[in-house]
Every structure is written in C-alpha cells, then in structure tokens.
Amino acid sequence: MEIGLGTYLALASVLFGIGAVGFLTRRNILLQLMSIEVMLNSVNLTLVAFNRWTPGEPGAWNHHGQVFAFFVIAVAAAEAAVGLAILISLYRLKSSVESDSADLLKH
Amino acid sequence: MSAGGELIFLFCGFIAVVTAVLTVSLRTPLRAAVALLGHILSLAGLYLTLHAHLLAAIQLMVYAGAVVVLFIFVIMLIGPGAEPKTKTKWLTLRVGAASLMAMVGATLAFGVSSIDRPYVDIDQCRGAAAECGQFGGVDALSDAIFRQSAVPFELVSVLLLVAIIAAVAVARGHSPAEKKAIEARRAAQGGAAGGEGA
Amino acid sequence: MGFDIQQTLLWIVLLPLLGALINGIAGRHASKAAVNVVAVGSVFVAFLLSVVGFVHLAQAEGGNASIVFDFYEWFSIEVQRVGAPSVEVPVRVRFVMDHLSGIMTVMVTGIASLIHVYSIGYMAEDEGYARFMTYLNLFTASMLVLVLASNVPLMFVGWEGVGLCSYLLIGFWFKNADYAAAGRKAFVVNRIGDFGVLIGMFLLVAVVADERTPDAFEFAQINAVATRIGLTQVQLGGATLGVTVATAASLFLFLGVCGKSAQFPLFVWLPDAMAGPTPVSALIHAATMVTAGVYLLCRLSPVFVESPYAMAFVATVGAFTALLAASIALVQNQMKKILAYSTVSQLGFMVAACGMGAFAGGFFHVFTHAFFKACLFLGAGSVMHAIHSHSDADIRYLGGLRKKLPKTHITFAIATAAIAGFPLTSGFFSKDEILLGALTWATGFPYAPFMGWVVFGALVLAATMTAFYMFRLYFRAFWGEYKGGYADDDPHHHKVEHPHESPDAMTVPLYVLAAGALLVGLLGLPHAWHLPNLWSEWLAPGHEAFLAVLHEQGHGEEAVAAATAAAREVPSAMASLQFQGQMVHGADWIAWVAMGAGSLAFLIGAGLAYVWYVQQDGSAPAGLQRSMPGLHRILMDKWRFDELYGFLIVTPMRWLAYFAANLDRFFVDGLLTRASSAGAKALGFLLTRAQNGVVFAYAGLMVAGLAGLAWWFTYPHPALEGEAGTGEVSWVAGRGLGYEYRWDFDSDGEWDTEWSADPAASHVYVDEDQIYGLVAIVEAPRSMFGAEELVVTAGETVEVPTVNLAADWVRTTITTDGDADEGLFGRTPTAPTLRYDGGRLVVNINSANIVDRDGGDDGRLALRAGETVTFGGGRITVAVLVRGTVEVKNPFGNRSRESRDLTLRVNPGAEGGEPQAQVIR
Amino acid sequence: MTQILTTLLVWPLPWVLLTLLFGRVFPRSGTLGYVGAMVGAVFLTTMTFGAPSPDGILSAILLWPALGALIALFLPRQWSDGVRRFASVWLWAGFALSLYLLGPVVREALAPNPEALASSGRLVQIAWEHFFAPFFGAFGSDASLTFATAGYRFTEDAAWIETFGIHYKLGVDGISLWLIILTTLLTPIALDVSWNSVSTKVKEFAFSFLLLQVGMIGAFVALDLFLFYVMWELMLVPMYLIIGIWGGKDRVYAAVKFFIYTMVGSLLMLVAILYVVMQLKAETGILTFDLTQILWLKLPRTEQLVLFSAFALAFAIKVPMFPFHTWLPDAHVQAPTGGSVILAAVLLKLGGYGFLRFAMPLFPWASRYIAPTLAVFAIIGIIYGAYCAWVQRDIKKLVAYSSVSHLGFVMLGLFSMTSGGISGGILQMVSHGISTGALFILVGVIYDRRHTRDLADFGGLAKVMPVYATIFVIVTMSSVGLPGTNGFVGEFMVLSGTFVSRTFNLYQKIFTLFAATGVILAAIYMLHAVLKTFWGPITRPENEKLQDLTSRERWILAPLVVLVFWIGVTPGFFLHPMEASVEDFMVTWTARSDQSYRSGEERGMYDGWQPPADPAEAAPAEEGAEETAANEAAAEGGAG
C-alpha cells in the first residue's frame, strides 16, 4: 500500500465521520464540543495534507494550507472558550449540561 | 515518502482513529478529554509526516496545552453533575442520523481515497536557512502568516479578544437560586437605607 | 376701437357670462335692482347685438354669408391613421353666425330677454333670486355657445353647459328632495346622450381628418366631406360591419339628440324637469335647450342625409315620440305636466321632420314652437302666480279664469290656437310643413314609402290629440266656473278666492310672445299657395340653383342628383334640398292633402274638446275613463316608463354596483391582501416548525443536507452544452473531480471517441446520417417570444400554431409594421402543416399567405435545409437538428450519459446541388 | 453648490423670514395678511436682487424642503402653532420658488418674441414688461430655456457614487414640469388643511410633509435610475407615518397595507433596474444609472416583457390600476385630510409619470405589445371604480374609488400612444390632482365639523353652507368632466386619442365605447354624493348650525377653483410646454419599438447610439443640446 494524498484524505474523512457521529449521538454538551474538536482537527489534517502535495517552489513556498490550519486552530480555541462559557451559563440556569435542555429558542 | 514516514503515519493514524472513537464514546467526560488529548498528540505526529513542523508544535501548545486543559478545568468546575441522565429521547432518530453520517464519512473516505497527486519531494534548501527557509519551518511559515496574511492574523487576534470578552460576559451572572439570594440581600439593605433616610 | 362685426359674436356670448359671474359672486349681497340691471341688461344687450349680426347677415351679398369670430385655439388632438401620417386636429374656440345659427341666436336671446323680464315678477318673492338670475344668465351664455359654436367640441361645451344649468334650475328649490332628484335624473339622462355625441364626434373626426381637411371638428368641413363619410365603412375589430360611418355617427349623434330633445327612449327626464320654476320650464324645457337636439340635426344635416337608414330611424322615433307623449297628455290634470308632454310631443314632430328630410320644416317648428310654448308656460306660470302655487296647478280645480285673468287668458288662448294648428297661426304653418314633408317622403322618397305613410298617419293622429288636449286644458282652466284652485281636502294649500292678474313685468312678455305665436308663421307660407317662402330661401340658399337645374333637366332621379350637386356648389346651411326638390317636382295635391290633414286634425281635436268640456261639462270623458280604467290608469302613469327603466336599467345597475363594491371588498382585496398575507403567515408558520431550539434537530438537518450532497457527488453530472457554429458544433460537458468523458456526436449508439479527461469536444456534421431531423424556424410578427422552432422528424406531421398569428396567416395585405387589416372576424384560417419527406421539409400551404413558387400549384412547398419562405408578415427558415451524446464516469466508477438536441442553421447550397454536402457547408 | 446656497439664502429664506416677521408684528392679520406678506416678500427680493440664476434651481427647489425638515427637527416641540406656521410658510416659499420654472412658459405664452410682444395688446405688454419680465429674469429672457423644444431643461449632473456610476442628475421637461408645480402647490395646501385637525405631534407632522415633498420632487426631477429609486422609496416613509400616526381608526392597517403594496412593486423594479444597468455594462462596458444612456439599450423582446412587467407592476400599484387598487380606498379613508390630498394629488401621479418616463421608453416593444392588455385593465378600472364609488356610504371612499376611475382614463391615454392621448393623460393627471385634491379638502372640511363622513348623516347642507355647496358643486362638475372645467379637456383628449390610436389597432373603437361609459357613470356617482349631501331638507338637527367655509379654507380652495377654470378654458397654456416633449417621446418610442420588434431576440444598442467619448465625462447636457438642435432642425424642416 502506497501512502499518498488519498490516504490522508481518507483518514481525515473517517475522523470527521467519527466526530460527526459523536456530535449526533452524545447529549452532553462537553462531549459534543469535544466531537467538534475532532471534526475540526480532521479538517486541519486535510488542509495540511493538501499543502504537502502542493508545496510550491523553494524560496517561494506555498503555505496556504498550513496558514489556514493555523487559523482554524485559533478559531477552535475561541470556539472552545465561548462554547464552554455558554455551557457554564446553561448549567447555572438548568443544572444540566444536556443539549436537549437548551430549547428556549423554540419558535 | 520514506519508510520511516510511512511507519509514523500508520502508527499515528491508528492511534488517531482509536482515540477519536474513544473520545466520542466514553461516558465519563474526564476520560473523553484524556482520549482527546491522545487524539491531538497523534495528529501532531501526522503533521510531522507532512512537513508541518511548526504547526505540529502549535498543535501541541494550543490544543494539548490550552484547549484540553480548559475542558478539564470546566469538567472539574461542574463536577459529577455533568453526568448525563440516560434519556431515550429521539433515540431512533439519533441512531439513524448517526449511521447516515457514518455512511457519509465512509463514502467520502472511499471517494477521496483514490485522489492522488504526484508526490513532490521537497528538496531541502541547500543554502543558509536564513536565505530560503524550510518548508513548514518557523521561518517560512512565519513569513506566510505575518507577511502574507497579516490582516487575517490581526483579525484572528480581534476574534480571540472578542471570544474572551464573550466568554466572560456569558459565563458571568448567577444561577436563579443565587439571584434570589442576592436580591433578598439587596432588599434588606435597601430597606435599611430607606429607613435611615426617613 | 372701431365697430367690428366679428366682435359682436364674442360679446353676445360673453355678456350673459359676465352677468352670471357678477351676479354669482356679488349677487347675494347686492340689491334686487342691481341684480336686475345686470341680468336683464346683459341678455338684452346680447339680443340687440344678435339682431345687429342678423341684419348684417341679411344684408350681405350672396345667399351664404356668415360672420366668423376666431377667438383662440382651445387644444388639439392627433389623429393617427393606418398607413398615413398623423393629422393634428385643432379644437378651436370659434364662433360662427350663419343663416341657421343667426335665427337661433336671435330667438334664444330674444326669448331669454322676455323670460328674464318675466322672472322679475315671478320670482320676486323668492329668497334665491340672485342665484336664479345667475343660473338663467349662465344658461343663456351656454345656449349661445351651443348655437354659435363652429365645431362639435365647442358645441359640446354649450351642450353640457345647458345640461348643467338645467340640472341646477330643476333642483332650484333643492329643499324638496324630489326636485333635486329630478335635476339629477335630467343630468344623468342627458349624459347618456352626451356619450352618444362624443362617440359620434370621434367617428366623424376619424374619417374627416386628413391633409385637405385638418380642421376636422369644424361643422363646415364635416359637412363638406359628407359624401366621403357616407361612403366609408365602419371597421370594428378588423372587420367591416357593413355600416357606413355616416350611419353609425348619425345614430350615435341621434342618441345625443334623444337625450337633449327628450325623444324616446330618453324622454323621461323632461316631464320631471317641470319641478323647476316656471320661467325655467318656459325658457329651457320648452323654447330653447330642448330644441338643441333638433339644431344639431340641422347643423349636421348633410351627414344625416348620407344615411337613409339613420334618417328613417330618426323619423320613426320622432313620430313615435310625438304619438306617445300626446297620448299621455290626453289624461293629465296638472297644467305644467300637460305642457311638458306636449313639448315632448312637439319635439317629436320636429325630429320626425328632420328624419324625413324636411329640415327647414322641422326647424321652422322649432321657431314657432318657441313662441307659443313659451307663451303657454308663462301663461301657466301666471295662473300659478295667481293662485300662489309653486309647483303646479290642477285644471280640475280651476275654471272661469278668463274673467279673473283676462290678459293671461287672451295670450293663452292665442298660444293654444297656435299649437293646436288653428289655420293661419304660426303652428298651422309649421305643422303643415312637417306633414307635407311626411307626405313627400311617403310618395317620393325611394327608400321606405311604407314607413312614410305610417309616420304621416302617426303625426296626423298626434296633431289631433294635440288639438284635443290643448283645448281641454284651455277650456277647463279658463272656461266654466272658478273652483278655487285647489281640492277641498288639499292639506298644503287653501283655496284662493280672488285670484289676481299678474304684474306688468309678467304680462308684457306674454303679449310679445302671443303676438309672435300669431304672426311668425307668415315667414313660411305653404308651398301649396305658391307664395314666397322666406324661411326656406333663408335656410337653403342653394335653392334657386337647384330649381334651375331641375327646370332644364326634368324631374328624373338623375336630374335630381345633378341638381343637388349644383346646389352643393353653394355650400348650404341645410341639406334639405333633395327633399324639397322632390316636393317641388311632386304634384300640388300633396301640399293640399297635407294642409287638409292638418286642418282636419285641428277641427276634430278642438271640436271634440269643445263638445266634451264646454257643451257637456266633462261627462263623456268621465264615462270613457270609467269604461276603460286600465287604459286610463296606464296613461296617467305615463305608460310606466319610469318604472320600466327602474326595473330594467336602474335596479340592475345598482345591484351591479353593490356587487362590484362587495367584489372589491371580499374578492379582489381578499385575494391580494388577505390571501397573500395568509400565505405569508402560513409559510412563516411552517418555517418556524423547523426552529425548535434543539441543537440536535439543527445538526440532524445539516446531516441530511450533507448526505444529499454526498449522494450528488458520487454520480457524475454531464451537464452537456453545445454551441452551434456553421455546420459545426462545439460541445462542452461539465467538469468534476476525476471525470472522464467519451462522445457519440451523432447519437447513433457508437462511441466516436475514447475516454479522455478533456470535457470539450467539437464536431463537424457532414453527412445527412448525422442529422437527427429538420427544424422549421417560424418567425411571426406577433409571436410574443420571438422565433419559434418546430422540430419535424420522419413520418411526423406538425401543424404550425396560429397563436397570435390568426390575421397574418390568411391571404391579406400586411402593412409594414405587421398590423393586419382583416382576418379576426369572419374567416377561420387554416394553419400550414409541416412534414419531413426524404430530407426535405414539405410545407402544406392550406390557406396561408405563402407564394407557391416551386412551379407546381399543388399547394405545397418542398424546402431544403437553409431555405426560407415568407408568408404574410412572417417567415419559415429550415434548419437541421443534431443530437450529441456524452458519457461521463467518475472515480467511484459511476457513469452517466446525456444527450442534447441543437438547431443548426445552415446556408442553403446551390440550386440542384447535392443536398447532403450542401446542407452542411 | 455656492450657486444653490445663494439661491436659497437670497430668495426663499428672506420670504419666509419676512412673512413670519409680519405674522409676529401683526398677529391678527389673518390669512389675507399672510398671503399679502408672502407676495410682498417675493416682490421685495425680486426688486432688490432680481431673479435667481437658473443654474441649480432644481437642486434649490429640492433642497429647500429638506432644509426645512432639518430646521423643523430643531424647533421646540411645545411651540406647535409656530411649527405649523413655519412649515406652511416654508412650503409656500417653496412653491413661489418653483414658479420660476414657469418663466419660459409664461414668456412663450405672452411674449414669444419682440414682434409678438409689440403686436399684442397693451395689457399684455404692461404685464410682461413690468411684472413677469422682472420676476422671471434670466428664466424669462434666456431663449435657450424653452419648453418649445424637446429635451431636459435646468439639468444638473454631479457624481454621487462614482464606483457604481450613480449620478445626482436632475432635469425637467414638459412632461414633468406641471407635475412639479402641482407638487409644490398641493403640499402647502395639504399642510394647511390640517391646520386645526392635527393637534398632536405637530412638529413631526410638519417634518413628514417637508420630507415627503423632497421625495416627490426628487422623483419627478431625477434622471438617474438609482436617484429615482431612492426618491421613490423616500416618499414612502413620510406617507406611511402620516397615515399611521395621524390617521383614522384603522390607520395602522391602512398604513401597513399602503407600505407593503408599494414596496412589493418597487422591489421588483429595483431588480429590473439593476438588470438593465448590468446589461448596459455588458453591452457597452459603461456602468451607469443615467437614464439618457440606458434608454439606448435594446433588449430582446422576452427580456423586455419581463422587465417591463416588473416596472409596470410598481407603477400600476402606485397609479393604482385595477386590480391593484385596493390599498387606495383604505389609505384614503384612514389618512388625515392633508395626507389624502397629497396621496391623491401627487403620489398617484408618480405611477403614470413612471410609466411615461421609465417603463415605456426603456422597453418600447414590450410596452407596445402589452398596451392593449393594460388598456383593458384601465377600462375595467374606469367602469369598476365608478360602480364601486356609486354605492359607497363614506364620501372619502367614494372619492377614492372615483380616483381609480379617473386614473383609468389617465392610463388609457398614456397607453393609446397618440400625442393627444398622452398630453391628455398628463393634463388629466394634473386635473385629477386639482379636483380630487379639492374634493378631499372639502370632505375634510365637513369631517372637521361633523366628525362623520357617512352620506346618510348629511342632506340639505346647501341651505346652511352655501359657499361650501357652490365650491363643492364646481369641483364635482370638474370631476365629472364638464366642458369648461379642467376635467373635460383631459378626458376628451384621452378618449379621442384612444379612438384614433394605432397601438390599440383593432380595438380602439370598442375601447372608446366602453371607456366613454365612464363619463355617464361619473355623473351618476358624483351627483349621487351631491344629492345626498346638499340637496333635500335638513334631516339632522346637528346640521342646522354648521359653519360655512372659514376665510382660511376659502383661501386654500381659491387657487384650486381658479385652476379648475383656467385649465378648462385655456388648456393651451398647460399643453404647449408638454407638446414638444410628448412629440419627441412619441417619435423616439415609435422608432425604437419598431427596431426592437425587427431585431427580435438580439440585444444591442438602438440606431444612432454613440459611445460617449470619455465615460467619465459623458456630458448629458451636450447630448440634450444636440437633441434640441436636431429637433429645431426638424421643426424648421416641418415649417418649411
């Protein structure tokens, strides 16, 4: 088996699927947030992998994919911070960390 | 790709999948967080195989060092109440959606696995590191981030600032019980003040 | 500023208008004397000026003088014509006093002056005195505009203006709701007539307007081209109706005449109009305004004459109205009601006369009628003044007034005699002219002799009735014993023991009018006596030229035509010539019979009234009434026309209005406002269902979308497009990750290329094998969405759709801008059909306007690709149809294919060349 | 810019100040005093400074109410009477300022050239030399300022949003001239009739009217599609507020209905505008919203139809044409008197104006293709509106439905595509503004006294209110279309235009026949209202002591009554300025619709289009001058 771009992408897809399934099956917001981290990481993996296969020229490297991944990491950090803050707020309000309990936005 | 690289890939990929499964399936949040830590470490390993050295380091620092710690911190804050009650609301639908998603992931994996590009052997810079930099190295990536993408970078810093403020704003405040207590205290004080004024 | 005879026309109109303006603004606060000076003075000076103008006309050389005053151009309209440049038609404010309007002007101002004077006495006690005088002045001004106008729209100003004044004056005592309603009725009924005038005017101007006669609204120009009007057919919806413009315009104008001159079926407003003060009844609803219709008939007489059908219709309606109104008048008891129906009846006489071509006779009756009817109304007013009545006087409770009101009596008696046709009074002469016209029509007129006799009979009968009911009125009111004026049980009035004669302001006008009623008839002495008939000569200046030609050429039909043409050389004021010509060449006995019939009618009618009401004291008619109660009832109820119209027209219209209002509220508004808002609400409701606030639900939806996307990705999508060049097509399929393509350019099932990653391919179509079918590109002038492509494959017959094309398919002339002149009505065109036959497109022509130019007259054309054939305004181009197919596979191994048809326009090859090769290149 | 500011500061501002000062010095001077003060102030400034410069006059007219609105915002709220007086005087000053636009018209009517002046009567000479000539100054003496030839006058052009080719471009031609005058006349009148009836939030009321006038004038003078759209929407908001705040019982419903109806149409129009602009860009590479440029764009027939429908919907709703009229009765009934007057007199006119200025010239083939269909709707509107009006119990609703009927005539005239029909349609728009405006004022007068508009509550009013009854009957007759009043001329021209129209092809006579029945129905419903209101005995004791028209009300109605007869007797004065523009419109429209018809589905530019030498400096003024020159040449050729 030769390991190429496709392999990385396939791995990333599998990881993304696992994250998504986790997000869908878990009701604990903490775990859902973790699932989201898994999904974001899988996307980062694709970005970095693509970047590896389009590296540009020496002295004029193409780092778009890695830069993007970097930004994704930053955004993921922000997301985790806000998400956890919301979680705490919700826990105060409802004494629960279940996502189903947050349904005040109904209609 | 070198044989060593392939070996690292296989090892880290396996770990990544296993830890991902553990992350989403473990019941205890703390254990899940630990699994997530493992997942992030394995991904950093994968980054190394992709010549993304700096990114691997950042991954370790930001994710392993900050995000996972934040998760654990919150788990500690909330305590065992975080244990979800077993409810079977929309169970079928959840299982259906999850399996659909699994199929989508599998299809996607199958579809993209055949995508291939010619492998580019990155010819390491022969000259001084300062002159050309290394692909994925500190020099080259810093140049890309701070020169070419300076504006987005600054915007990200603003985003983070906003996120901090938002987190503070959202997490501030009190639970209903606390609120009641505070109000009761205030009312007592206000009444006293009014009495004094009279 | 020197004396300018043209300026007089302006001042004739302006003076009463200024009077109305001054009285209208300041009259309420001014003294009665000042109001009188302004009102009477302005009208009287106008009268003097019109006499000056009339004398100027009479002294002018040549029989056809006129005074023209061109004031300014009011506005102008543009008449667009098919296939010719547009014509700018001005509408001028221009006054003309010619022989016809001269008489009318003098008559209107004269009688208006008298009635103004009369009103000083009659309305003295009324609180709305100044208002009344204002309205009267305004009316006079409007009537003068009507009479003096040189064109139809300006006449229409007066026409509507007098209608307005009539409305205001009928409702003068507006506190009585019935009176106000009567005013509204008059206005609305007149408006129906005005509608007819408008349409008639447009019909005329659309024909008359061209480079030679751009002033198409002017009466003179319309009359000058009357022959053309009589020859032009009315086009409606592209079809010719078989009706000349003269007929249509005449009938529409006659609708206006019916409204204004109270002819059947629009006569119902006039009897109700007697709600107005009596001087109004005399001036407007007897002497002047109601004759405006007759005036219009005379004004446009050349146009009416061009249409025998319209003339016959006019005559019939007139005679019928005369009879109908006379029959109602027989039994009425209210003085003004009787006079009102008598007016309708007399108007019927005038209109019938015009319809029979005796325009001069009809107009003569207008003139004489103005005197005796005004006198009668004013006499009735005098009676009502004597018994202090505002509304009307009932002849059943009058009697013996000849001793109490001697001045009124004598004038009333003269006027009664005149209207009844007592020999040598004015009414006798004018009625004689009309009966003579009817007889001439019956004996000499080529179109409808039978109708002529019917009309003559009806008119004689109506004349008899007239004599009877007028003398009945006269005898019952003025003879016998005085009964106190009101019924014993009248709740509103007390009996007046000693009625007094009216003041001089009222009796002097009566004397003047009575004298006129007695004497003006001498202007038109009967033809039977071979005395000079001033009236006819004045109105028909071509008379002598006409007679001269007749004298030379005898009395055949051709001779009459030639004579008419000769007379037309002198543009006549009236088109009564050919009829008078026939009168002349007819025998003397006709004139004697007419005069005899008129005299007999008077003798029978008046005699019967004398016997029944003077000798027998009314027992015989009472007996008749008892023996025929139904007939009496229905006559008293005026044949129940008001009820009939209420039932047939007013109520349905009212219901229609309610229906429309409710439709608007519930359906239109409901559909556009309520239904749309309900729809938006429903949509909003549905959309909010998805927003249930549960994070999982949103995630689930996202997953569903993602799954759909994934599904779409697993199959390739060819998205085939082609662009046709000349003979060559560039095909391009959609791109995708890892797609591979292969092509079958002619869709014959064999792949023309191997798999490749290039999504674009181009192919040159050379052989006929590669052609899938033929396409007829149909371009039609009215097709909404441009050219239409009809695909014709082997063994198939396709009909060319005729949507929007109906007029163009048939064999008609198509104008440059694609408007067809004919074809929507009458003919059902058959569309061409198309067939594919051995590489040729065969067009079966059917009834299409296609030149069958391939030699054989078999009604079909065989066309090769690239050829073009024109039909009417459209054309058919033959193109070829090609079909390309592509198959795509993606990394999943899934394949899909798509075909696309493309129309390929080709240049036609050389004649007789090899079609396959020629088709393409 | 300085020119505009000079104009505003030297002319209307002193008028306002002098008039208000006069009011302070002589507080009991009454309406006559105010009118005299305003006229005197105008006279004074004209004697002192002469007439303003024609440059930037349109901006001045447009900015004047905007400035007033700005000032009104800073006036103290408690000072309600003062705010009212300020806004009224301000708007009347705006009217006086707009009268300068009539300089060329008056010159051509009185003294087209020295010879004509010399040969005219002494009275005319004196009037011209001592009154009109000094008043109009450059407006009356500059021979190039004339409405006798086609093209836009008083044009102004400045870049607004350069990136998108949006310009601040203004201009007046014969078509919009009278509508602008109508706007400036009716707005102060509408404000004044609400003098006593609006007592709450007076400041906001005045502000709304001033802002509304900006929108209305702007929509009439805009020659840039984007500017037009902005102004079109700008009108909407103040009117929405006027109905929604100072209206009747169901005012919010009516206001929202009005707003949504208009908005639906105008959004589609915006899409169509953008599409047309993009097509022009694709065709020529020039991105511009300039109407004079866009008019050259020739679109495929199918696209024309779709785009025309989008424009037509917006304008048809505004007119309103059947079946989009149902907002009108609600809006009229609920609006305060002043709002109704403006709505009927000006806002509805924008529909017809939009058809004439934008929808028809932009899409000539489509408009010609649809014209008969739209004419059918216009005729349905005439008859249907009349029937609906007949059975209304509410007088305002009756008048509102009569508007539907009358505007049917307007639309019929415009679609007839004869110069007579179009001129008649425009004149009918002006006439309708005057007579229906007056009718709403009169209804408002009686509503102020009795607080009811139900016909059944009246009867016999002619006895107690003779002057009111007289004016009502005069206005009614004008609405009915009696010859000699303004209603007749327009109606006659429309009907005759319809009868000879080539566009209506086979159906012209049938159309006229049906449309003319509207003449009968108008008499029926209007006289019904008059009968129920004025004639008959007084049935209600409340009606016995009603006050007749006050002096202020008479002063408000006087100009309208004068105009009723002025237009009716000498319509030439009003028709002549629009003749050339209408003729030019007709010629261009006919030629382009033919071209468009022939070219079918092709797109391109119409014949005669020349790309502007420098897109940044596409000088429309020069183009106008060229058109003028061409027209003059044509006129000379015609005369020769």
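Labels for the chains are A, B, C and D, by order of writing; each one numbers its residues from 1.
Going forward, a contact is a pair of C-beta atoms (placed from the backbone, for glycine too) under 8 Å apart; a residue touches a chain by one contact, two chains touch by 3 or more.
The structure presented is a predicted model; accordingly, all values stated were derived computationally and were not measured.
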Subject >> Central chain (distance from its CA mean to the mean of all protein CA atoms) >> reply: D
Original post:
Based on CA centres, what chain would you say lies at the far end from chain A?
Top reply: C
Subject >> Cα-centroid distance, chain C relative to chain D, in whole angstrom >> reply: 32
Original post:
What is the distance in Å between the mean C-alpha positions of chain B and chain C?
Top reply: 87
**OP:** Would you mind pulling out the distance in Å between where the CA atoms of chain A average out and where those of chain D do?
**Re:** 62
**OP:** With chain centres taken as the means of their Cα atoms, state the distance from chain A to chain C in Å.
**Re:** 83
Original post:
In chain C, what residues contact two or more other chains?
Top reply: 696, 699-700, 703
**OP:** Give the residues of chain B that touch two or more other chains, as numbers and ranges in rising order.
**Re:** 94, 97, 101, 104, 108, 110, 114-115
Original post:
Which chains touch, pair by pair?
Top reply: A-B, A-C, B-C, C-D
**OP:** Using the touch definition up top, name the residues of chain B that touch chain C in the complex.
**Re:** 90, 93-94, 97, 100-101, 103-104, 107-108, 110-111, 114-115
Original post:
Where on chain C is chain D touching in the complex?
Top reply: 28, 72-82, 86, 153, 156-157, 159-161, 164, 167-168, 171, 174-177, 179-181, 183-184, 187-188, 191-192, 194-195, 198-199, 202-203, 205-206, 209, 234-238, 653-654, 656-658, 660-661, 664, 668-669, 671-673, 779, 781, 784-787, 817-819, 824
**OP:** Show which residues of chain A lie in contact with chain C when the two form their complex.
**Re:** 20, 23-24, 27, 32, 99-100, 102-107
Original post:
What residues of chain B sit close enough to touch chain A in their complex?
Top reply: 1, 5-6, 9-10, 13, 16-17, 20-21, 23-25, 29, 32-33, 36, 39-40, 43, 46-47, 50-52, 54-55, 58-59, 62-63, 66-67, 70-71, 74-75, 77-78, 81-82, 84-85, 87, 89, 94-95, 97-99, 101-102, 104-106, 108-110, 112-117, 119-120, 122-123, 125, 131-133, 135-136, 140-141, 144-145, 148-149, 152-153, 156, 159-160, 162-164, 166-168, 170-171, 173-176, 178
**OP:** Would you tell me which residues of chain A are touching chain B in their complex?
**Re:** 3-11, 13-28, 30-31, 33-35, 37-38, 41, 44-45, 48-49, 51-55, 58-59, 61, 63-64, 66-67, 69-71, 73-82, 84-89, 91-93, 95-98, 100
